[in-house]
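Scroll down for the structure; my scribbles are underneath it.
Labels run A, B, C and D following the written order; every chain starts at residue 1.
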Amino acid sequence: MLSHDLQVRVRYAETDQMGYAYYGVYPQYYEIGRAEMLRSIGFTYRGMEEEHGIMMPVASMNIRYLRPAHYDDLLTIRTNLRKHPVDSITFHIEIFNEKQELLNSASVKLVFVDKNNDMKSVSCPAYLSEAIATAVNQNA
Amino acid sequence: MLSHDLQVRVRYAETDQMGYAYYGVYPQYYEIGRAEMLRSIGFTYRGMEEEHGIMMPVASMNIRYLRPAHYDDLLTIRTNLRKHPVDSITFHIEIFNEKQELLNSASVKLVFVDKNNDMKSVSCPAYLSEAIATAVNQNA
Amino acid sequence: MLSHDLQVRVRYAETDQMGYAYYGVYPQYYEIGRAEMLRSIGFTYRGMEEEHGIMMPVASMNIRYLRPAHYDDLLTIRTNLRKHPVDSITFHIEIFNEKQELLNSASVKLVFVDKNNDMKSVSCPAYLSEAIATAVNQNA
Amino acid sequence: MLSHDLQVRVRYAETDQMGYAYYGVYPQYYEIGRAEMLRSIGFTYRGMEEEHGIMMPVASMNIRYLRPAHYDDLLTIRTNLRKHPVDSITFHIEIFNEKQELLNSASVKLVFVDKNNDMKSVSCPAYLSEAIATAVNQNA
């Protein structure tokens, strides 16, 4: 439906003594992948928080680690959105190295909460739904 | 089969601007939970790496985020082992806050690789299987 | 004047491919060292933020890295307070390994800001000054 | 002598509950700043490690935190080299936000160790000295 590629280099900080990118670093890659996907359709997570008080905590995540990433590897974070968000939004992520080998695949489901209403759950805000719908139509 | 509790406080470094422990911090909690479970049965991950050259990369992980953890919360990381490891080892983790509320549950599957043989996969080393079997028998 | 020891194990997450605790991890050790020193004198950083709206951003930091820390090392974080805080508070930290070798020494200077007044600088709150003065007197 | 600018966005992972980039994140910014400076003169830290077995642990670091960085800020990391390296190499770093406000300034001193000789200290390798000298001459 929507797909976005972001490139990022593995930091030394992100390696562990196995010489791999630490398994707990991947959620950061997913975070910047989805933020840049949303920015590419004219929407910033920051704006949603600052202007509307809506935050998006993660509800669940599934990760498969297929091959290690190494220091200084230039990774491609491919973020896919397959369904229109309603009460939650789920991103599907694939990470490739420079040889186009698939290193990692994941899905991350986030919900919407209102920080001005005691962090209660809300539906996907209309401005986000509409930005996604517009982008999907432009791609079609 | 085997269960181990570890307590850890949420660091300021681990919070994000939502005021929650960042969702990418949890893999660190799982890491220290399983390391301390293994230490409690007389086995150290460090020793396995240093003496035997066996490393344990993560193959897959599933996480459900139920309630947020906050700065300075004293968390209980409950690490459970439900099956004897053969080609992989899977830990099931539950994290509770001081009110005994379940914040997070996860499963983490790791494999065994030999750093002296080009990081090739190997079966669970006998000394680890035996340490687990002994601990399970003592608990029975 | 005041000194406090805290023990912490180096996490796998904190290592890098050199096999050392990453140099950027040390600020986390200083953070938990000073938080536990303050807790030991009956004061929590969390309470100061939640009840009084006072936050303590870091203004400057100097670090000397003398010897590496390794995975699973049980470190002692020694946090020292040498002067009564006025407009800022400076902690001096030494980190030792299990052989009592000094690995790292640092000083961290923090200031006080009021989150209910646009993060403006304020002096050290009286309840913190007094908690420190009381602890120093008890030690004398 | 040599100066290099790198842009990086503050990750959500890097914020803390103050809403600031956590003070312990800055060493990661310095790391990627110096890696990219060296890459810009035809030299990679990764190559030095892999081909020559030379690693560069940090010996000391001084940081001044002047203004906070916030989530999604597009930072400019300016890395300066003021002296030819001999037994150590010192980088001076300034970090600016999009308004060109100086947020942070630091110096980081690294040494050279030989992983094939028990991590013993060595002088700056000739290929690095020469790459720097060539780049400085081209700038002159």
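The rule we apply is simple: contacts are C-beta pairs under 8 Å (C-beta built on N, C-alpha and C of every residue); 3 or more make two chains touch, one makes a residue touch a chain.
Note that the structure is predicted; figures quoted are calculated from it, not measured.
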{"item": "Shared interface numbering between chain C and chain B [over half = same, under half = different]", "value": "same"}
{"item": "Distance-maximising chain from chain C - centres being C-alpha averages", "value": "A"}
{"item": "Centre-of-Cα separation between chain C and chain A, whole angstrom", "value": "34"}
{"item": "Rounded Å distance, chain A centre to chain D centre (Cα mean)", "value": "28"}
{"item": "Distance between the centres, which are taken as Cα means, of chain B and chain A, whole angstrom", "value": "25"}
{"item": "Junction residues of chain A, two or more chains touched", "value": "12-13, 17-18, 22, 24, 27-28, 31, 49, 71"}
{"item": "Of all residues in chain A, those that touch chain D in their complex", "value": "9, 11-13, 27-28, 31-32, 35, 44-46, 49, 71-72"}
{"item": "Chain C - residues contacting chain D, complex", "value": "17-18, 20, 22-28, 31, 49, 55, 57-65, 68, 115, 119"}
{"item": "Parts of chain A lying in touch with chain C, wherever the complex brings them together", "value": "12-13, 15-19, 22, 24, 71"}
